[in-house]
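In the two complexes below, chain A is the common chain; its partner is chain B in one and chain C in the other.
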Partner chain A sequence: MIENSTPIADRNDNFTRSAGKQLAVYALYAVVTLAVVVYLLAIAAGHTGSNGADMGINVANNSITIALREEPPQLDTGRSTDGASVIVLSHAFEGLIAYDEEAQLTPGVAERWEIRTDGATFWLREDARWSDGQPVTAHDFEFAWKRAIDPATASEYSFIFYSIKNAEAINTGQLPKETLGVRAVNDRLLEVEFEQATPYFDKLVAFVTYFPVREDFYERTDGRYGADADELLYNGPYMITEWVHSASMIWKKNPYYWNDKRGFLDEIRVAYITADTNAKLNLFKDGQIADTHLESPMLPSAMAAHWQIDRAMDGTVFFVVFNHRPGRVTDNLNLRKAMLYAQDPVELVNKALKDAAFLPAASLFPVWVGGVKEKFREEYAAPKHQMDLEKARHHLELAKQELGLAAIPPLVLLVDAQPVSQLAATYYQELYRQRLGLEIRIDSQIFKQRLAKMTAGDFDITVAGWAPDYDDALTYGEFFASWNLQNRGRYASADMDADVRIAQTSLDQKERMDAFGRIQQLVYDDVAMIPMYERGWSFVVDPRLKGFRRRSVGPEIDYNYAYIDVSSD
Partner chain B sequence: MLWYIGKRLIQGLITVWFIATATFFAMHNVPGDPLLNERATTPTIRANLEAKYGLDQPVTTQYFIYLKNIVRGDFGISFAQENREVNDIIREHFPVSAILGVLAVIIAAVGGILWGSLTALYRNRLPDYLIMFLVILGISVPSFVIAAISQLGIVTLNNLAGTTVLPVAGWGTIYHMLVPALVLGLSTMAYLTRLMRSSMLEIVNSDFVRTAKSKGVPPARIFARHQLRNAVLPVITVLGPSIAAITTGGFVVEIVFAIPGLGRFFVEAVQQLDYTVIMGTTVFYGTFLVFMVILVDVIYGFIDPRVRMS
Partner chain C sequence: MTGIAAAEFARQASTEHAQTLSRPSLSYWQDARIRLQSNRRALVSLFIVISLLILTLLGPVLWSVNPAAQDLDQISVPPGRDRSALVVAEYTPWVIPAGTVAELQLADTATTQSVRLQWAGLPGAYGHRVYRNLYPVGPERAYGIPLGEFFDNSTLNFEDRLDLRPGTYYYSVVALAENGRPGTVAETLRVDVRRTTTVNEALAQGLVGSAADIALGDSLQVALHPLGTDYLGRDMLARLMEGARVSLFIGIIAPFIYVLMGVVYGAVSGFAGGKVDQVMMRFADFVVALPFLLFMILFKIAFGIGPGESGIFPMLIAMIVLLWPATARLVRGQILQIREQGYVEASKLLGAKSSYLIFRHMLPNTLGVVLVTLTFEIPRAIFTEAFLSFIGMGVAPPTPSWGSMSNEGIKTMLNTPHELIFPALLISITVLAFNLLGDGLRDALDARMRNTE
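Presenting the complex of A and B:
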């Protein structure tokens, strides 16, 4: 409409020139004003963030700068549950027992320990200190554990204490917390009494919920324990000296830390908190952070840049879970077998997910879990899986007969909204349609909604990922116990339960591993689930930083043993 | 005027109450709750948590408790960041979003008005074509693409210069905010440019401009007093909602540039079903938006005499 009206101004060059000059003057004003505004805003911004960014590796200061994926939501060790917090806590605290460079148990605050059928004893070292210089005593552990099990604390991980005497009864409010089976005999002797034999207790105490809390300091924080850098007392190699929420943190070397084999850096600066892997890659390219993880699409350019690319398993195993509740078609063994034989995890990883760091899963137990002497999977081979369409179709026919159905009704596949889950879901949908003529309906839900549906059993099949709490095969092995709430498909088998009981209580490592071996086979024979993949990450580290670790158990990224070495350049 | 403002404020309060109520019940009707986690909780642990957060009460009771707390200005404690009060989250992170947003809006408004006037002046000539092409780009390319590309641009620039000219990400200094603010304001700037251009073209052909010209008013004065001032009105109108939209819509830019703004909490709280943070940010932003609209109406009254008279 405007374009068609008679132009007046644009033919009038004289007018345009004068008006243009006027506009240029305004533009000048605008730029000057803008500069002033930017300056004022920058002063204001200085109060809301930290400009403590530094180069990824600062050799002169013996410090590094890193990025975290997310703000640690809970630094109160008694209530913490998530990976982001575990990363921070694993640097700032130390339990009775810790992990060494090669992820093996090593003495922490405890010098030595003894685990019996009825309990455990820990002898604490003399030189373990809090970041204010006071000694770490057995009382700090007793206090921390009693507080975490207290129903008023409402710790989500309180179950991890249930092997200690009276723990569950205290947590349900039937007994006072003073009755918990833990006692500081003196400052350096901690006695634990078990509810039932717990051969893997040494691995449990390496977990954050078992970390110490000093009572007098805790009382002083007045309910704000862990809320800010100065509301925590540290006993690990590093201590948090500055924490601007969701923006930055500074971890300084704890001068009172006893072990000269951990904590070599003077300072670790968390200058960025972002979940954007591209942003992290850009920061790494610019030399602003010491390490970053790489996604598949980034690998070609990373290789072109001649970076040293490493891979590490993050410990999480993913599998397709069936709904075993009575009345569901997926409760039928032959249908599950048909679905098992029609697929191949290798194909899933190589053709659909295409992530070089993922490993096709073959078992409930990941490859790195320890067995009697060697790796569990070396001692107890995973069931040999071969895709067999003939067999699959045969089982499908049997399933139809048993169920009395002419055709299997559409199956609901519940997944989250993550890209990798979506890829897997469409892969299975296509696969079962083509190979078995089964219709799969994908039900995509965001985080909490998916969990609500999983817990309620509102699905036929779903995808579950399981990350380890502690470094023992049991963390995976008990998944399909009938009483395990994590078993959201409600798989139930008397054989399974019996073997889990053995694995939980036997002090004979061979006997336990035999039980896990039977569990591994049973999961396959009963098709409790279909293994998908073990998750791993490709990552790159500044070549001057040595001793950096990515872990399967405990903190995902670990700088406790990291040090700067420029000699190799 | 005072009566008018008062009336608008009361309307605004009702709007905010409505937003709070609708959000509260919508949120509680979504399947799932903030206490659900990948790690399944035993009934005991769950009961302990429910008691701690007051989720064991009936929803209507929770609603009235909530309303009472909101009136007192207490939004409660976050479920996801269990040690932080929602008030603290807003107090610490809104200024970041606001600083970034204000800068983005200023860049967008100033740029939009200048480019818009320029294209109108040079209509159907090279500057017009060039700028309008960029405007189409600015409107149609999503901000996460622009953010990622400009970040890559910074990395390339730094590599070429061999030193850190501009920081790649982070927050705290003047240099940290320039590029994110530009990216954040870009689509608004493009939109305002188009708006300003059509508005200018309409004014150029209006009677009072023709009269002024025939009276012999100097061109610069016609341009400044008669054209620009009148043409800028529609821009002012959309500026209020734009401020609110930019300040609340910084999620993508905040993630890409690792900026600790409130936008992240606003979006992530929904995914986490973090009841208290959802309520806190929604009510806060709702109030902010309503207030901005009222503010624009009042400013409008000052700029346009016709509004003042009616």
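Presenting the complex of A and C:
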């Protein structure tokens, strides 16, 4: 028996071997078949791509197809806060004052206006029309503003009216909304009374919350105003004719719009609502959409495809905010100085984030903000920053002495879950460990949770991004005012507050900019924050679409001046 | 009737043994070992598993690179790249030379530290925009990535420091029209960028003993990264070994504990039978119905895992608490079956006690099943860890795990595939090895298969 067992094992082995061979042959067949199928599908996919090439730009119908990153939750101008709503509303509505092609203020519904210390007057044009043909009147603005400031509306942007007389008192429920300092003298004359001098009021009225709402139409919608395409009345270059929620929208040219120079396109189809940039890139490749933005990993393939890549600043400035609440180690100036001198935003952008459209930040104010005559940053240079490890370590020693600590306890860095924030956080974590021996613990939270923790002060350092609401340096300058709720680190300084007050109320542009210049220096000297980067986008547009803009203030993507031009220049 | 003579009877020769054993007596384990040894796939898998353990335990001793250290001179470098670098002075801000130049040209040697460009104002320009391309500019006027722009003619120079890699770039300067939009007039320059490093960097990386050993202009080899680096210039090999600790810790400890729990629970339930069995198995059904991911999140909160702390411990607890019922069911089924076997009955009739029955008859007979379950649960646990880290529920940075490394690598999959391939490959190999080993063990330990030979 024992001699028998070997052949059996051998037979078994042979069996396994031949089965293995069989299996290998099957696997080979499977791989070959798969390769052939993939190849055929790739060819087929290529064909569908070329068939759909007319989708993105349809020359015959004078229309384009685009993709939005998110769907607007609703389109009530009084209650909208998010970027997607601002994009749609900026095409479907027009305020008293609008932005022109080059992002300069231009007359909108108002033909002309006057801003004084105590108030403002707007003269409305005769030919401004709603999408049902009726004229846009001063009463529509009065109604819209009084409605937005009404505490019952609970608009998150009600604070943007606070320069109008009684606005804050009305919003906090101390006065009835009828007392708001705005009055339609007649259909074409709107009078505004200020709570305090507001030299930048012309820039405020270009914001969506200041857009008009017609009272009789609003009453008819019975609380559903802005919830659907037919629950809205439009006065802008485009009107929304179809809105399939979370799927698509169609914007058609508004036939009653007064300015023929805007609204060159007959139709804009929002065929895709997706945040997936890779999907959008593929749609653009196939000619299904007219434009898309590019993340830095996509740039090599965009270069290989020989696309004309463009760039634009997004307006948002990112910075590392310290928690200045008493009791926190980050309340110590020397510790903050140590952390400031140990890093360099240029290295952050060039080596860690590696995004060509980002600009290393040097100040609270971005490069494009206007100053007295030129750009603010040209007139008031940002404090010169140079990384200096000697200085950083010296300040760290001072901080330890002042705090009476042998070592700085681990610092909690609160960030959101976005990939770019995670990347920056990991970079800082290693940087401070290596250069200063500081331990940083990363606390990544989803947006709402992070906001709650920021408001509660449950952090040592956090990354904050600040996007402008209006085109004036004040939107950044008042960030660190002690009463500003956005100042989540609770930085407080009497000098800062005094300068913010000057900037808010002075009518002398030079005096205001001087104040901003002092704020810029104070932020650096006090290390209220560490500048990180100014966000920008690399993007591509179908070369046949002209006049498309990406903006720092107002809608992120703007088709208001876009037109199709097939001639190649 | 003839009688039978006594002489006809002969005494049968006595033999020592009634029968000879034709093959050596093999215990259960000896037999299992022999069969496992003849299974080549299982042996290779076993070898892989052992090498993984060595990699985890001994690897960091042999390759003692800090997995969190960022080598910012070598970002996303694939393995096997040329490492020679020129030693240059520490970066100093550019002092723009006075005077004008005739055309787009380099103001300085182009290095990975910086590329400094100067140009003459283009005709009719209201400003300039600087582009960088990987390809020569063709008739499409695709100049590449816009790097910077100047809206007046006072700035005619640009310094590029963005993520420079050794290689060839095509820089273009394009004239801006009055409205700030790029026009049609442009100038292009081909630039060959050399890898550089500084004396301080070389010292910090431990490439040279002292500053006296090298001088500016020398050429040296920058730090070796056998498997390349990731998006922050961290050594992939060191991170993979560090990540293996997390992956294998979870992959081995968690199944060991919950399989053991399952065995005890299942054995008690099966042996007791009746009402007790009913109640215990309904409780097991209840646990099976609990959603794993939800519990994982709840545990993470309940344990008060603060910021920057690893989620490994709650993950371990969640797995132990939720994953034992599968083994328990299996073992219970086996015990129920064995309980009715003849030899158990015989043993009982001979007066064996419960403990003897359990330890002598029942557990040894379920051991095969248990071991097989264990080897199949290990890859499952590794995969769960990888998945949880992939969705950000696992380890906290900078601690890597294979799952979180894959998650990071997938973002740059097209440009630097090695950041995804290595961790993904390790997960695949480990899971496959444990699966094949489990397969081999099942074949070796299954008593029924033993009878067929």
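What to note about this one:
In this section, the second predicted complex is superposed on the first by the 514 of 569 C-alpha atoms of A that agree within 3 Å, B and C clash if a C-alpha of one lies under 4 Å from a C-alpha of the other, contacts with A are read in each partner's own complex, and residues count from 1 in each chain.
What we mean here is this: contacts are C-beta pairs under 8 Å (C-beta built on N, C-alpha and C of every residue); 3 or more make two chains touch, one makes a residue touch a chain.
Because the structure is a prediction, the values reported are computed rather than measured.
By the touch criterion defined above, A:Glu101 reaches chain C but does not reach chain B.
Within the superposed three-chain model, A:Ala425 lies in touch with chain C and out of touch with chain B [touch as defined at top]. Contacts of A:Trp307 after superposition: chain C is touched, whereas chain B is not reached.
Shared-chain residue A:Ser538: touches chain C; no touch with chain B. In the superposition on chain A, A:Ser363 contacts neither chain B nor chain C. In the superposition on chain A, contact of A:Glu71 is made with chain B only, not with chain C. After superposition on the shared chain, chain A has more residues touched by B, the comparison being chain B against chain C. In the superposition on chain A, A:Asp443 makes contact with chain C only, while chain B stays out of contact range. Of the residues of chain A, those at positions 2, 5, 8-9 touch chain B in one of the two structures and chain C in the other. Across the complex, chain A meets chain B through its residues 2, 5-10, 14-16, 18-23, 26-27, 30, 33-34, 37-39, 41-42, 44-53, 67, 71, 73-76, 79, 81, 151-159, 168, 171-173, 224-227, 244-248, 271-276, 278-279, 282-283, 285-286, 288, 445-453, 455, 465, 484-486, 488. By the touch rule above, chain B contacts chain A in their complex via residues 30-34, 36-42, 44-45, 48-49, 51-52, 80-84, 89, 92-93, 95-96, 99, 102-103, 106-107, 110, 114, 117-118, 121-125, 148, 151-152, 154-155, 158-159, 164, 167-174, 176-178, 198, 201-202, 204-205, 210, 213, 218-220, 222-224, 227-228, 255-260, 264, 271-273.
The part of chain C that touches chain A in the complex is made up of residues 22-23, 38, 68-70, 72, 75, 93, 131-135, 138, 140-147, 149, 161-163, 179-180, 182, 184, 231-233, 306-309, 392, 396-398, 411-412, 414-415, 453. On chain A, the positions that touch chain C within their shared complex are 1-2, 5, 8-9, 13, 101-102, 297, 299-301, 303-304, 306-311, 346-347, 349-352, 354, 356-357, 386, 410, 412-414, 417, 419, 422-423, 425-427, 429-431, 433-434, 440-444, 538, 569.
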